[in-house]
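In the two complexes that follow, subunit A is the common piece, with subunit B as its partner first and subunit C second.
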Partner chain A sequence: MDRRDFLRRAAKAGISIAAAGSLSLWLHDRVGPGRGEEEGELVRVPDFSLPEIGRRIAIVTGTNRRETVGRAIEALGGMEVFIKKGDRVLLKVNAAFASPPTLSATTNPELLAEVAGLCLKAGAVSVAVSDNPINDPVSCFTLSGIAEAARSAGAKVMLPAEGAFRTTTVPGSTLLRGWPILWEPLRGITKLIGLAPVKNHHRSGASMAMKNWYGLLGGRRNIFHQDINTIIKDLALMVRPTLVILDGTTTMMTNGPTGGSLADLKQTNTMIVSTDQVAADACGATLLGMTPADLPFITRAAAAGIGTAEFESLRPVRLSVG
Partner chain B sequence: MRIVTVRRISQGFFLLLLLWFCLVSTVGVEWWQIRGWPVSWFLELDPLVALGTILSTHTLYRGLLWSLVTVGLTILLGRFFCSWVCPFGTIHHLVGFLGNRGKSLAARVASNRYRRGQRIKYYLLTFLLTAAAGNLMLGLVRIPAERPVLFAAGATALLLGGAAFALSRGAAIPRRYLALVPVLFGVWTGLGFALPAERVFLTSLQTGLLDPIPLVQRSLNLALLPVVGTATAPPRYYEGAWLIGTVFLAAVFANLWVPRFYCRFVCPLGAFMGVLGRFALWRIGRRSDECKGCQLCETACEGACEPTAEIRVSECVLCMNCVDSCRHDLMGYRTVRSASGERTSPDIGRRGLLLSFASGVAAIPMVRLSGLLGSNWNPGLIRPPGSLAEPDFLKRCIKCGQCMRICPTNIIHPAGMEGGLEGVWTPTLNFRIGRSGCQLRCVACGHLCPTGAIRPFTLDEKLGRKEFREAGPMRVGTAFVDQGRCLPWAMDRPCIVCQENCPVSPKAIFTREYYSTARDGILVVEGADPLTVFVTGGSLEPGRLATGDYYCTLVGGNEEPPRRIVDNTNHSVTVSPGSPWVHMPGRGSSIAIQVRLQRPYVDPALCTGCGICEHECPVSGKRAIRVSAENESRNRRHSLLPKGG
Partner chain C sequence: MARTPGKTETLIGYAILLLLVVTAGSLFLTQFRYNAAVLTPNALQPESSSPSAAPRPDLRALAPEGLVALSQPETFGPETLSEKIDGKAELYLAAGFVQLLTQRFSRKGNPQAWLEFFLYDMGSSKNAFAVYSVQRREDGQRIDLGDFAYTTEDALFFVHGQYYAEVIAPALGKGAAEILPALGRGVVEKVKASREGMAELALFPAEHLKRETISLLAADAFGFDRFRSVFTAQYTMGDTELTAFLSQQARPAEAAELAAAYHQFLLNNGGKEVKPGPGLSGVRMVELFGTYELVFSQGSMLAGVHGAEKREAAEQLARVLKQRLSGVGT
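So, the complex of A and B:
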């Protein structure tokens, strides 16, 4: 080995050692891993309510959902009061189950199409329809007729993709702390309308406008059933909608919230539209043959100041069509 | 255009077509979803699927009639399928080609020389077909016992006829053949009477393990596409798919060692076609003996069929490389026999054939000794709805993974050992992995199954409507509540997510109300008014009892229903204004704080085993409600109920 060869090799060895050393120092972690999962940046669902309009409720009886919902919104001043030019609207439907519209376990597609159409007519630039269903999402949106209705009305269906969830903490809530919610459809919207059917629910007594927000939760949300009234109250705390539309045209009286048979349904011919989700649910309870006091989540949401259980105190506009 | 260019176009087309069929096997109504795409077409073209199921079921199911096209063309043309259609062959072809690049001509010739191991595929074919033909053999063995007159008459006629023929021709028939025929008939008769034949000759269709079309479709469906995935679709999981992927990759990588390794040594479909093509009208061969011996044609011979020597017709995959590469235009695909001679029969020996036949006969009865088809059946093996009873299912399932791919909730999975060795990679339901349970209004799996192992069923049949009312809904199993894990049963916590999600009406899961006195829930009364009871101690956490699930009742009091608590402070409990105390608790008496529980029960007469409850159960590790195959419709002996379920 001559000197030059030795020097060359020594230089290569030195570079190798320097490279290994600097890489190790660069990657060196003195502390070690932390305690748990990173939650990332927390998101907050904005307040979509319109305080200047106040708490209002319209109750319209009739069999034709397009007519009843149209009249109810008209009675509250028309969709233009709620949706302004340039608004981006999210319609939160109940698409929980892969079940045909005749079984009323999901938001009625005709109702959805009508409301989406009204939003667009009032000047909304975009109308999205979303939910995080319990059954397979594609089957749910297809079988329920919601996908087709949304498409025909010019609204966009947003399925819950894997990356669509972000973590939230709801101030003042008991249970919603660091929990993932369906965020993608909420991103950038300016108005939020909830559309829910009136259904029997064995655990909570009823599934209506407030329970509908359950479909915004991600994760293994079923653990909240251990304290169902608290989670519904928390959800109502999390979501302050522009409007809720509670569809009691056909009410699921038994075997809820899935239903599955026409025998579970009853024609109650009532459409409830309100800016106060608690009042809407309180009114909806009567369709199920209950009083608001029978449903602890209503009492608790009212106590939390989200709305009023005394929906009669809002002097509902009562109309009848057909 | 050069013939090999045409071949490459054909190969590329069929490979992409298969890929497309796998991709569109997704429930939906878009043009890139299932709609009317013939996604099982390659499986239907596969004559081994057809032959296997013919042997095992004595019928040719639906679209499997397509295989006739392949069979007809193979008889006329030889193994064209291997180099022109078979997508698995195309993959091997490509990888083998890449692996041989840069090698010397001599090395390439060496890699494409004929190897004795190429006979293995014929033995594998024999083994697999024998295993599928158990039924057929049973019928044959039983002839002496069941049709003795016919058998005796036939045997006598054959013996006499044979003797007369021999005498008339005056031919010298070796003595041992003269003795062999009566001995064979004797053995046949003996077997027919002495053997418990129905325990020996059992049928199991296992061709799908090695048949290239099911193999490649299964690998694409379960191992490759879920990994590569499509960005828009939700991710799909398949339990144990690593093994499927490993087998696939091993087969593909083996091409670097020997090109078309799988086709030459393993492929039972290729073997079958090698046999079918022995009368082919057109064959590859040499025009004349003027060969210069350059061996250029053997540098790329896909079948390793020795085109320069006596060509082995059964090994030739019609890649046309020899025709293309011969500089003297000596090689051709013609009706005239090769100038250098040809061997039409595969290079197999009688011993090897007998050995694989005997193994095929013996394998299934030995596997069945585990008793999995009898009393030792595994309730963890939950077949998709519409599946035939297990013995019939095993006669048809080719493990192609079509049902697993199409299932919209991703609950159909390739079985490991749940169904025994025979059941490897057959479908079983797993409600933990998927996105829900078996959807009430879905019939996809039955309509995709190419062999009818899962028969096509209608929504009416699945739900037990209309003409199926009497039979009731189709069941894949029954849900069982694990009371040691269920929150309301074991931990005094309300839940009933399972009941809520039960999709049938009326619900198969029902609840019974139970008021369970809370831990440390007996409180001593200090005083009371109609709505509020004041208690000693002051240890209550304010508001904790206000969830709507807590009730209180007087200990030792009359049988009044518990009153719902609406609020509490650290020393008082307020009940709902709707139910004030009638007999106010006196000072010194005790009240019990109770949690209202709805405890789930399963009604086996209504449960279909759809598994939605299991999927949704918030006890997310080992679920507190789990489905097992008890009461499945397909097997009356697994019924839980006296009346057919």
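So, the complex of A and C:
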């Protein structure tokens, strides 16, 4: 090979590499795969918390949910502290399963009706109730008693219709990047309250206030079960609620999150209401016979600065009803 | 005729090789930056049923007189199971889940009185026993529907061949005590099922054994990712509760290697080597956070005692277990 031949070959190789590179650049999708045209731009869940109120928690024991939740909210200053005249409120329930209220796998309808009523009484112009159970939402909302409870209390049920999802990326999160969330019920609201039962969970150990936001996820969210503690922490980063209500009146001690029998349940007669979702879950853990340290999602959320796992440090208001 | 490359050619050659190495390195590093969002919603869309699933039974044909279908039957495969049972799906998937068939029924003329029937095809009776056993309710009442069946006041749970069945009926009201067994009998009599033996069930020493506690852990038993298909059983010895375990391996060498690996796993996680007492040759014992772990192999069987609070009781149970396995020639 002479010098001329070498240069000719080198030029050909260079042109080939440049062509391949240009083609790759042209084909490269900087945005990544989308999930449909309806998603449009990234959305971000607003911060619904009330920093002026600070981190507070009330723990009320008793068997009657209407009474215990009422007293707990009253102990934190009354619903008027959280809901102002003209507010549009979303109540994020757990309606994950088409199971009857007696199994305590879903948000209790009586509790929902009471909280919806308190919001309206405090001056809310609208109260919506929503969740994304994925499978057969109509049956889930109907058979759990949530739909009827919402209707009777003057709240509106928003089912996860097609087109109700938008893509979000949560700053600082590990997994929530470009992921679809149930957006339509969140659009235009001014206050957000989470209502969740205390349950054992096969994967994460417990399903409580923070895990309840899992129901806002769309897409093939089951892949997150592989890293359940991280996704729960990420969800708590994504959602800054006005208030969380953790219902430990009847706790699902085993075989969660579905349960399936009254034999899985235990009367623990405790209602937890807090502005700090981490503190609420830390308190809820004790109803399951655990400590907050037993549940990695609590320690991770606390480490991320979302709230405190030392719920006693918030000096809980403790009351008993009945 | 070949000639020695010039200096420039050599340098260019090295540069190209370097570029290839850098490209390969970049690809290697990028693959670790997992982004769940890259998976589009349809990317994992499953088939409506797994190709290996048994023929789908007609649940309506199994329902006793007086029940009518309240919903259409639904089928879930491994990729869609979590849509129905959320976080509990992993329990079934780890145990070899094939397909779930489910349908709601109500009393004729009273849709408010309803139940839901779940029929899980787990691929084998051993897999079905695994999910049955780890979810067993302590206060369940045994019912005559085969070896593994019980009811609670509002539900029925049983194994039929490769199927694990649940009938959830808290909304059914009065009469559940008759309807649930009738539905169960419909399954046992009309659904063809394959059965396989579980020899391990008979290998646990009978004395002090709480037979109803025998369970099968499909994967990651005791947090050790190499422990798969491990049978456990509870023993009450005096005032202490103990857990014995057994797991059949293909060959004696595999059982011995797995016992050694578990022993090492315990030591790696803060365990302290403890010399076992007499009659326990070949048994490895570790103290871990104030509890005792004993592991050994006997033939092709891996066995041991897990998480015992009292050393003497743990050693006694291991001794009896070892003798039992030796006696049956595993």
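The rule is simple: the second predicted complex is superposed on the first by the 281 of 322 C-alpha atoms of A that agree within 3 Å, B and C clash if a C-alpha of one lies under 4 Å from a C-alpha of the other, contacts with A are read in each partner's own complex, and residues count from 1 in each chain.
In this text, contacts are C-beta pairs under 8 Å (C-beta built on N, C-alpha and C of every residue); 3 or more make two chains touch, one makes a residue touch a chain.
Just so it is clear, the model here is predicted, and its values are computed rather than measured.
Once chain A of one complex is fitted onto chain A of the other, the partner contacts of A:H201 extend to both subunit B and subunit C. In the superposed pair of complexes, A:W179 makes contact with subunit C only, with no contact to subunit B. In the superposition on chain A, A:T286 contacts neither subunit B nor subunit C. Looking at the shared chain after the overlay, A:T190 reaches neither subunit B nor subunit C. Contacts of A:A263 after superposition: both subunit B and subunit C are touched. In the superposition on chain A, contact of A:T142 is made with subunit B only, not with subunit C.
Contacts of A:T102 after superposition on the shared chain: subunit C is touched, whereas subunit B is not. Within the superposed three-chain model, A:A10 lies in touch with subunit C and out of touch with subunit B [touch as defined at top]. In the overlay built on the shared chain, the residue A:G219 is in contact with subunit C alone; subunit B does not reach it. Residues 97-100, 134-136, 139, 143, 201-203, 220, 222-223, 225, 228, 254-255, 257-258, 260-261, 263-264 of subunit A lie in contact with subunit B in one complex and with subunit C in the other.
Chain contact summary for the complex, subunit A toward subunit B: residues 97-100, 134-139, 142-143, 161-162, 201-203, 220, 222-223, 225-230, 254-255, 257-261, 263-264, 291, 293-294, 296-297, 299-300.
Subunit A makes touch with subunit C in their complex at residues 1, 6, 10, 13, 32-35, 96-100, 102-103, 134-136, 139, 143, 167, 175, 177-180, 201-204, 207, 218-220, 222-225, 228, 254-258, 260-264.
Taken together, the subunit C residues at the contact with subunit A in this complex read 3, 6, 9, 12, 16, 35-41, 43-44, 71, 74, 79, 82-91, 104, 114, 116, 135, 137-140, 152-155, 157, 166, 168, 170-171. Contact residues on subunit B toward subunit A in their complex (touch as defined above): 27-29, 232, 234-235, 408-409, 435-436, 439-442, 487, 493-497, 499-507, 511, 546-549, 564, 566, 576-578, 598, 612, 616-618, 620.
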